[in-house]
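Presented sequentially are two complexes of chain A, the first with chain B as partner and the second with chain C.
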Partner chain A sequence: MVAAATARVGSTPVKEATPWRRFRRRMIRNRFGMGALLVLFVLVLAGVLSPIVAPHPPGDANFATVFQRPGTVGYVLGTDNLGRDILSRVLYGIRASLEVGVLAVLIAFVVGVPAGLLAGAFRTADVIASRGTDLLLAFPFLIMAIGVAAILGPSLMIAAVAIGIGAVPSILRVMRVETARIISLDYVTAARAQGAGTLRILSHYVLPNAASSLIVRATVIMPGAILGESTLSFLGLGIQPPMPSLGGMLADAQQYAEQAPWMAVVPGAAIVLICLSFNTLGDALRDALDVQVVSRD
Partner chain B sequence: MRDPDLAPATSDSSPVLAVRDLAVSFRTDHGTVDALREVSFEVAPGEILAIVGESGSGKTVATRAAMRLLPPNAVVSGQIRLAGGADVLEMTDRELRSVRGATASMIFQEPSAALDPVYRVGDQICEGIRIHRAVSRSQARARAVELLEAVGIGEPAAKARAFPHQLSGGQKQRVMIAMALALEPELIIADEPTTALDVTVQAGILSLLRSLRDRAGTATVLITHNMGVVAGLADRVVVMQNGSIVETGPVNQVLLSPRHPYTRQLLQAVPSLARVEDSDQAPVREPRKDLALDVVNLNVEYRSGLGRPPLRAVRDISLRVGVGELVGLVGESGSGKSTLGLSVAGLIRPVSGSIRLLGRDMATIRGRRLDQMRREIGMVFQDPRASLNPRMTIAEGISEPMIIHRVGTKAERTARVIEMMERVQLDPGFRHRYPHELSGGQRQRVSLARALILHPKLLIADEPTSALDVSVQARILELIRDLQEQLRFGCLFISHDLAVVGELAARTLVMRSGQLVEEGPTREVLVHPQHPYTRELVAAVPVPDPVAQRRRRELAEEAGDLSLAGT
Partner chain C sequence: MLRRFLIKFGQGLLTVFLASIVVFLAIRALPGDPAETMAGEDQNPAVIAAIRAKLGLDKPMPEQYLLYMWHALHGDFGTSISSRVPVSTLLGQTLPVTLQLTVLTMVCGGIVGMLMGSVGAYWRGQWPEWLSSVLSLVGLSVPHFWLAMLAIIYVGTTMHLFPVSGYTPLRESLGANIGHLIVPALILGSALAAVLMRQTRANMLDAFGAEYILAVRAKGASESRVVIGHALRNSLVVAVTILGLELGGLLSGAAVIEQIFGLPGIGRLAINAVFSRDYPVVQGVVLVVAVSYVAISLLIDVLYTVLDPRIRVGG
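Up next, the complex of A and B:
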């Protein structure tokens, strides 16, 4: 009887892929997105493996080989004013940039997501969090970073913390808006009516449904963080010499712009490539993920 | 407004809209989807043609194609001629713009979305006029006021200076109609023009459309799923199913002696007040002794900002629902019926009054005990898209209440989910799917299963079928009735649709502006309403019978007419 009754019901089940499969299909079809993903994969691999793949130790000065042009045998991308291999230094620099970027995003998430959840769910928390972010946004990021570096001494970790804190408002606001939106939906009301507590609603209902917005947000923050690191290192407040960083290399190149333009071009291109890839990937993810949030009926 | 004497005779002359062999398909991620297969129909001057069908039948696609308003992924073939002119599908963009609005114009379902919130409504009407006609600003303004008057808006000069948010839903739809009429088009395409409106407002809009046709001879294509609206307005009917026309004919023939089985099935699924009149259900005056829900003098208020008095959404309402009894709660939008449902579920704290669930006062218990009480309440909502967590599989969603209340082991929960899915007539094989893979009706079944998994004593159903097609609605209503007989829960069934409540409820309450205006056995309330508001509601419900509809209309017109009351 049940089988017969079931057969009667509604239209035939819609044969559609799971959200994951649909996401994957949309993603694969996006050529720019896939290109960006590929570039990032290569960059991450190069950064992670830099101690192995770099042809020279990054700090090795050699006064016999200063200002070698790109294309020189043994120094594919040339050397700098101290005769250090630029390719090796860029590889290490990419590694440092990615480290700072990932750390900064992690810090922003660890602070911003819980704060945004609370702000979206509770009125009092919202007042505190919103005024806090207003304050943070009103405070010039560089001044704050300089202050932190001055007090604690410049380092990769300090740069990451400063940049991460600077990115908290962005995550917090996305999380707050998503929380407020999702909490007002019928399925949350239904869960509350059946006795689900706030903790369960936030963890099982709000977070999974906000995940795609957060992922997209992360890919937007990432290039900002990497640029921020370059800026700090350029100003001498980030990664300290002799450890190479992309921003630091740009700072070194300034004096020799006439003599050896490649000293600036190579790390500059690396920064552009990383940031462009993340931005493109972010766009592609947004396109691929958005659709699934607004499912067709 | 066109002079009535100059209106074209309905008889000869070429059709205002001629659609021949129109086929539309959409390119999507899943390949090409056919939306329309070789559809042909015509609209004569001054004729009102209704296109009816359920969602996905292609009725909207057909008319959007006539204005070439389809999204870019549409592939269109066939021929569409407006007022004997060139083929719309072959026009250049410039030609197309000269036709849109001037020869044919459109009215949409949601007037608040179709009006631009930052412009005054008079200016919005003027814009269309000034695009197509060389008139001065003041002439256009004068014309806008004239049009507003023609569509039955009181104080038209003042209302022309109003912004959309200052108007009611019915007034906004009248403004939309005024915009559609501004250039005296030969054809108006109205896509579900009254679906978003309350029944009493709907009645006014329908009689406006009718009088416009009578006065100005404007031909109308009316897209609707509501057979009652068809009966009240249309001359001819086209019935569509899955992208094809299954039946066409004069309204009396199609509605009274339908030929195609699908038309018959559609008409049968329409809940009807007439059936309530005929039923011989024993009147139920008072609920039995064992009460599932006992609400006494309930007051609920919403704060409305500093210095302003709070909005009293529910005023001094008392109601009872017996165990195993289904009570209908009827009201129009803003009547406070949903607020009442939410406060009964313990989600909004009342200002005063008591809510007793199974004899225990909800106000005096808090914390853990209140959560325990929540086991005894299930809720079902209107929008099948929003009522399920998109990130949970069907099985996870249905078992949520058991997890929250720590009922059973994992294996027991799975067994109960399967049992419950069978009860709501869903294939248990669906349990690992996600909500977006189900149809609207299937999702409402999931909602029901989730609400009933703990065998609560009270089910609060807030418009559970109003977002569904009629045939799906009929099956869900039948399911709710069956489940209620099997599981003996009390049910507070909230709806704006009198006929739906009439089919289901033993007792009915009518709410207006937060107050109960009438209460009694359903049959008495709907057949012999005492309160004038209930009477007005019952009179405004369109019935799918053109003859009866005409009789009622004449009666209403004699009795002073609620149609042009300005809503």
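Up next, the complex of A and C:
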């Protein structure tokens, strides 16, 4: 105690308070954030390793084991109307949901970040980008996704593309606001005075400084994308059987609600757990990174 | 003020115009020939050609587009391929249902969200804040269709607390109408409430720390007047913004909720039309939704100026 106090009094601090250290300290102190990180780590691991850790093949129908209750030996979360192991199917479903989520976020970033940078830096690009986002927003995302699925045939990839495009306005807006904010800061003016071109300013100054806002935005888009995927799969427009998906499992569960309520409860709870973890992590990151939520552009 | 409104109006028109072109092209990219679909069993080339001519599908694309828009402006969106009913009739039947559902959702979600946000901000660091934070996180994380499923299966059918399917028009009975719509609206409003709660809480916290609230308190205003009349009033502008931003998502959500609760709304019409490749219906729905979206955005913009006088000056 005394030693620590003396150390602090000394003119040079032992550890310099870099942004990264500050972020790490705040993050570790946030119990909910760390809990969410842990849950996500386990979920991602379980999803990625689902072919290894799943106790049964997900498509294995067995009419001898139809409608087993959760807790049955060998079928921890029970079985469905075809005697398939729900735990195994949920694990594969989590994997599919995460794949769609990651793909959708990537697509939204690939389109939204460059467009937002340009919109924030150039007047003409701003006009085009804001008309574009208005146009995207005027189409309800689901109708658009259904339309795309109807034209190109439903699949995991199509669902991810439709959801990713639907999320572009959100990324674009954040990037645009951040670009306009950072570009007007003094150190950018200083860089410009030293002869840095617009491209260099955008890539070396704006982008790194907008990173925390983008990371936070990604953790908001991710659960939204996973909810979107489950909705599309529920309607039969996302991931197609026999590939297991959480939304598809819920669609199956509708008919057997009275016989086998666990068929409806387990996959839904899995969706809630994934999304809740991402949202909690997003909150923790936002606090730790000091990001203001952009509510209006 | 007027200038600002006119610019917004022009932008809205442009959006509708672009949307109509995108839909028109997308519909033509759909696999399958509508004329062949309409001909049904009788795949006689002469019959198909006649149908194509009747639908105007033999004309060049720009001409088809202009013709379509010309008719649409006169309220004629063509005829449904599957039901042979004019699309305008279908839209007229379904749009009021979705509008009522959306408005009721905004009211429910708005009240719940702002109430929870205020509670969370007022009792900062105590259990009400904790509770409202948890509820909002859950609200953002639960799929609507799952909530709807659980509500129908475990509350609707076993306890008979509310009708699980169908719809009564407003004209026939207000009570029955709201009875059919209230549970779908509450479920659909859960995410909206969650978003609103977070924003309201943040704004209220800012307000409680602001000097004007201190001034109001110093003047001896009652606590309820401080909270509702001043702090909450200033959060309204942001709440209205969020309602506007969430509108697209709300319309998407409405489609699924309508499908599950068997409400004859426009979202359900659209989903079924896409599945049955009923392209005049899809085209009509998207056009009407785009126009409604733009119109409501405009309305929200006007609301801003009413709620926040500073914007009027900003022009």
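Heads up, the rule we're going with is that the second predicted complex is superposed on the first by the 274 of 297 C-alpha atoms of A that agree within 3 Å, B and C clash if a C-alpha of one lies under 4 Å from a C-alpha of the other, contacts with A are read in each partner's own complex, and residues count from 1 in each chain.
To be clear about the criterion, contacts are C-beta pairs under 8 Å (C-beta built on N, C-alpha and C of every residue); 3 or more make two chains touch, one makes a residue touch a chain.
Worth saying up front: this structure is predicted, and the values here are computed from it rather than measured.
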item: Touching partner for A:A64 - first (chain B), second (chain C), both, neither; value: neither
item: First (chain B), second (chain C), both or neither touched by A:L227; value: second
item: Contacts of A:V73 with chain B and chain C, given as first, second, both or neither; value: neither
item: Partner chain in contact with A:I52 - chain B first, chain C second, else both or neither; value: neither
item: First, second, both or neither for A:G268, with chain B first and chain C second; value: second
item: Which of chain B and chain C A:D134 touches, first, second, both or neither; value: second
item: Touching both chain B and chain C, residues of chain A; value: 293, 295-296
item: Complex contact set, residues of chain A against chain C; value: 131, 134-135, 137-143, 146-147, 150-151, 223, 227, 230-231, 234-235, 247, 250, 253-254, 257-258, 261, 264-265, 268, 271-272, 275-276, 278-280, 283, 293, 295-296
item: Complex contacts: residues of chain A adjacent to chain B; value: 2, 5-6, 8-11, 13-14, 16, 18-19, 22, 25-26, 185-187, 189-197, 200, 204-205, 208-209, 292-293, 295-297
item: Residue numbers on chain B that touch chain A, as the complex places them; value: 29-30, 55, 342, 345-347, 371-372, 374-375, 377-392, 400-401, 404-405, 422, 425-427, 430, 433-442, 445, 447, 450-451, 454, 460, 472, 475
item: List of chain C residues in touch with chain A within their complex; value: 11, 14-16, 18-19, 22, 26, 29-31, 137-138, 140-146, 149-150, 153-154, 198-199, 202, 238, 241-242, 248-249, 251-253, 255-256, 259, 267, 270-271, 274-275, 277, 282, 285-286, 289-290, 293-294
